[in-house]
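Next, two complexes with chain A in common: one pairs it with chain B, the other with chain C.
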Partner chain A sequence: MDIDVLAHGIVAGSLYALVAVSFNILYRPTNVFNFAQGELVMLGAMIFASLTSLAGMPWLVAFAGTLVAVGCIGLVEERIAVAPILARSQTGTGWVITTLATSLIISNLVGRFWGPDPILVKPPALLSMDSLDIGASRISSYEIALVLVTLVLVAIVERVYRTLKGKAVMAVAEDREAALLRGIDPGSLGRWSFFLGAAFAAMTGVLAAPILYASTSLGPDLLLKGFAAAAVGSIGNNRGALIAGYVIGVTEAVGASLLSPGYQEAVIFIVVLAVLLLKPEGLFGSPNARTV
Partner chain B sequence: MSRAVIPFTTQAAALGVALALPAFVGANSYALFVATQLGIYIIAAIGLNLLAGYAGQVSLGHAAFVAIGAYSVALLTVDHHWPFWAAAVVGMVLAAGLGVLAALPAFRLNTWYFAFITLAFALVFEKMIVEWRWLTKGFAGVVGVPPPSAFGYEFGPRPLYYTVVAVTVIAFILVRNVVHSRFGRAFVAVRDVEPAALAVGASPQRTKLVAFVISAALAGIAGAFFAVQKTVVTPDDFTADFSIFFLLTVVLGGLGTLWGPIIGALVFFLIPELLAGLQSWRMLIYGGMLLGLMLFAPHGLYGALRQAWRRFAPSPAKASAAADSSHAREHPPIAGLGLVISGLRKQFGGVQALDGVDLSVPAGSCYAIVGPNGSGKTTLLNLASGYYVPDAGSVKIGDVEALGSGAQRIAARGVGRTFQTPRLIADLTALDNVMLGAYTRERAGLLSTALRLPFARAEARRLRQEALGFLQFVGVADRADIEAGEIPHGQQRLIEIARAMMGGARLILLDEPAAGLSMSELERLERLIMRICGLGATIVIVEHHLDLVANVATHVTVLDRGTVLAAGKPAAVFNDERVMRAYMGERALKAGVPA
Partner chain C sequence: MKATVSLPLLSATNVDAGYGHVRVLESVSIDVRQGRIVVLVGRNGAGKSTLLRALSGLNRPTAGKVTFDGRDITTARPNAIVDAGLLHVAEGRRLFRRQSVADNIELGRYALRLTEQEHDRRVDRIHQLFPILQEKMNLPAGSLSGGQQQMLAIAQAMMREPKLLMLDEPSLGLAPVLVDQVFAAILALRAQGVAILLVEQLVEHALEIADDAYVMQNGRVIASGPAAEIAAGDALQAAFMGEHGAPHHPEPRQSGS
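Our next item is the complex of A and B:
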């Protein structure tokens, strides 16, 4: 197999893993799978592109500004589109439709403001998108950095879950009412997780922008591949998401090089279906006991 | 189910207008074209509503199933000169078949997996239409789809319109029949209270599958007519926007209401004309509408109409079909099933909930399981009824090993159960909730139900009477036509017991039936349990209320921290020193507090 194909699969897979982790952050305490997540990633890329390329802000300032801005949008989404639905019924799936509606609203508003043209985003200082020609692979220093940063981010997120707050999140995911009795406020955790999940999505967008450009077409694409990584890696499992992200990224790259680029999505779709058929809970999860 | 708001006369008038329309507009007029298109969209929307509204499975890729129908007809009639009708059947079967293939893994999982997978399916399908140029002719699409013909007569716009109207009406009636049958009750149960569906023996997977097959097949038919009406089929016709459009149509009209898709489609066809200048804002408006409707009108325009109607003309307290609940009905005897549990173990994380429990429930007895909180009583019930899988041990129901069978299998074998908090389906009436209990006993299949064949109707009528009988038996016949969500807690418990009996249960597991009951309700419950036992059924009751246990139980087992502490006759067990210690602690025992 061409080593270059593999390398690019890993790079793309890192991005998918990050989207999957952002899904997980949001999912764990709320049991909501945000259909607007792809658009939040896109929004992060667009805001960041505007702040750096157009407004000329320094990299770090723009980075922080983007995360806070998109985090707040996530919070607004939770307040308007998710909390009222969950208040009506904990088990219903009305939020599938409301978060989808949110995604439509965000993507069309962004399309209105920014237009359809992709914006070029430069990598931060010291890194570049020029390929390095290491052996047979033509990978850039920025892409190598992205793969490493992804590993670090997943490790950090996993560490946070081991803290007291993290355990509270898991407790709520397990049993909302029992957690409530132990003085954990699921409402506040839900708000925080939407803020953090959205900010993480925005960060993914910022990291993806130098490679994929900032454009409105980012959203749907990353939504589905992020879902694929999250589902294959077992929902809620961040390390699983990382490995599944690589699997999806490499499968896609290999599929595209063997068949034609038009088959990218089809190949991923079939892999996801096959995994879910054989292991419904994903590759790295255990089947949940039903609770009555 | 839902009480009719649109009176029969209005329904007939709507059909009359639809049939009379061609007389007033030209055969090649825009109005007739739009009306035909409206019919096609309604067919697909009726299917999507059955799936998303009743069964709670939101399809975000419905355009793809319409596309499968449309492409099947276009390719088979243009390239292979098939007759329309045969091609339409192929389109229908392909839409359902491919859809099931893709969605199969999703049925076992959370409902949002289904939403994602249909979304991805539509996206992949859209790409494949373009990719497989040799088959689909790529972006150019299939041109010149011939109109349907029959007996050498080629359908012009008017006959095509009538055909579409006929198919719409047939689809509406078939779906209505299904919704009002055991399948419809199972859809709603799976949507709202999955444990209840399992308890009556309805497999959630199969139920979702049935809803999806009907829905995808209807989308396929809609697609077939779509192809002949537009005569050109291109990939651009079936984008993600088109799927959103269908979803919005159903949400706008009213999810889970029979008339919702029709109202939604009608309104939708008026709006674009009004919003012609706002074309580029369309998807933004769609998004805003979806959000607003879900937040403020979850049952759409139909729901709002219904609410206004009820406020305007509150329905007079209808005399129930069997309001006479003064005398308890006779019921044929029940052949109770025994239950033998041995060496049962179950661990949750680090907690050993059950640690090798043995107990033997003789057929026809009333067996109580008591014990302090956390002693594993409810876990035991959940293992016996198949909701949990044990780590080790055996559960014999009658003479058959039940271990490894799913909850719905065990239910079908004659095991009924109730839950700590009653699990009734709030949107269904008390009577429908009880009838749901008969799910596995009904013989009429999907087809005979949809067609309302005479034997299916007779069976439904008979079961209805039987369900009324059970409501009477438990003493709440006066609530038959009230939605379960509006019925007080204590009566919900009784209805749950009626549901279990309706399923032909010979072994009934009651999970803390006395919790939250008033004194008088408690007395009624006690009498009811004794009467059911008197009929011969076996009852296993998990309960904290020891007076109730002492009065009704023939045998008692006391659990403590996952093991059997004592077992035997109630009088003997309650005077056992270890039992008193477990219940009241060392000190209370020494102080000599009576049991």
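Our next item is the complex of A and C:
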């Protein structure tokens, strides 16, 4: 097998893992699976592209601005589309419809605002999308950086869950009522998680933009593959999401090179279905399980 | 406003509460005074657990009034009630089973700002009262025995130095020797000035250590008074033998979750 195919699978897989982690951040304290997550990733890419390529803002300023803006959109989504449903019943599933609706609203509004043309986004200074010639691989310095940054980000997220606030989130995930009786406010943790999960999704969009271009059609594709990574890696488990992201990225790349590129999505879903048929809870244990 | 000795620490007046549209409690009134052990007795389904859930804000009362330490907490959120110093150790301990014993204890002080010395002092007190927990700090809470889990649940509450601790069936499923340990811990907490509101199926044992008692039946309080008087009175018999038109078969347990 071509080493290049593997390398590009890992790069794509890193992005899927990041989307999956953003799902998990939201899911842990709320048990809500945010179907608007793909559009939040897209919004991250589009806002960032507009701020840098069109408005000419410095990379870091645009990056911070994008994260805060999309984080706030996530918070608004939580207030309008999720909190009222959970207030009625913690086990209600109405959020499936409301988060899907949020996704459609964002997608339609964005289409009016930006139009269908993809925007080219340059990597930050010192990195480039030009391929380096390392052995047989044609990978770029930006792609290598992306893979490393993904590892660091997952490590940071896991570190956050070792703080008392993070442990409280895990406590809410395990037994919401028991958490209430210890003075933990699940509502506040849920709002924070929506803000941070949305900001994380936006960051994923920013990181993906130099590779995939910023385009309004980014959402559904990353939603599906990110969901696949989250499900295969066991929902709520970030290290599982990382491994599963790689599995899906590599499967996709190998499938596209062996078969025709037209089959690459079919190959992914065959893998996902096979894993979930054999292990419905995903490869890495029960939901919310701590892997220590 | 500070509660004085004459004012009860906790006072529930004519409280109605239940689950959704099902009303379980009808006009329940109880008082708990500072540093006292108060026991609630009655058959399964009498509404004891529902009363504790209403007091801790899990099931908001639909009528009546609850005051704690001079504050109206009738419609307060559970975390505000915890912050006020009213702690509820629910039936079945409800620990975070996947997290370590140490993490569970730390979660007991969530959102509380403690100096390092104060934090260590509280942990030391827990270890003094429950030495066994000290040996198990790094194990998952789910791996503890039932008795140890009960101790851990009380330890979590102790991190906040509650004014009033409500315990729902702390002896449930425990071997007699562990029951004695848990009851000894309850007495030790009272000696430190903590008031205790106890729901207990070991009625005789509970009445022995309690100062005051309430007998509940079908969502109402049918008798109250000093524990020794209740232990000797007829109301207890009535509550457990099913007079007052109550059915003889045991009613389904209120689990509430």
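Note that the second predicted complex is superposed on the first by the 285 of 292 C-alpha atoms of A that agree within 3 Å, B and C clash if a C-alpha of one lies under 4 Å from a C-alpha of the other, contacts with A are read in each partner's own complex, and residues count from 1 in each chain.
Keep in mind that, in the parts below, a residue touches a chain if its C-beta (ideal position, glycine included) is under 8 Å from a C-beta of that chain, and two chains touch if they have at least 3 such contacts.
Not measured: the values here are computed from a predicted model.
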item: When chain B and chain C are modelled together on chain A, clash or fit; value: clash
item: Which superposed partner A:280 touches (first chain B, second chain C, both, neither); value: first
item: Which of chain B and chain C A:202 touches, first, second, both or neither; value: neither
item: Which of chain B and chain C A:171 touches, first, second, both or neither; value: second
item: Contacts of A:104 with chain B and chain C, given as first, second, both or neither; value: first
item: Touched partner set for A:263, first chain B, second chain C, both or neither; value: first
item: Touched chain A residues, chain B compared with chain C; value: B
item: Touching partner for A:242 - first (chain B), second (chain C), both, neither; value: neither
item: Residues of chain A contacting chain B in one complex and chain C in the other; value: 289-290
item: Contact set on chain C toward chain A in their complex; value: 56-58, 77-79, 82-83, 87-90, 94-99, 103, 106-108, 110-112, 156, 160, 257
item: Chain B-facing residues of chain A, complex; value: 33, 35, 80-81, 84-85, 88, 91-94, 96-98, 100-105, 107-109, 112, 220, 224, 227-228, 231, 260, 262-263, 265-266, 269, 272-273, 276-277, 280, 289-290, 292
item: In the complex, chain B residues that touch chain A; value: 56, 58, 60, 102, 104-106, 108-113, 115-117, 119-121, 123-124, 127-128, 130-131, 192-193, 195, 240, 244, 247, 251, 281, 283-284, 286-291, 294-295, 298, 348, 378, 382, 387-389, 419-420
item: Contact footprint of chain C on chain A as seen in their complex; value: 164, 167-168, 170-171, 174-175, 177-185, 288-290
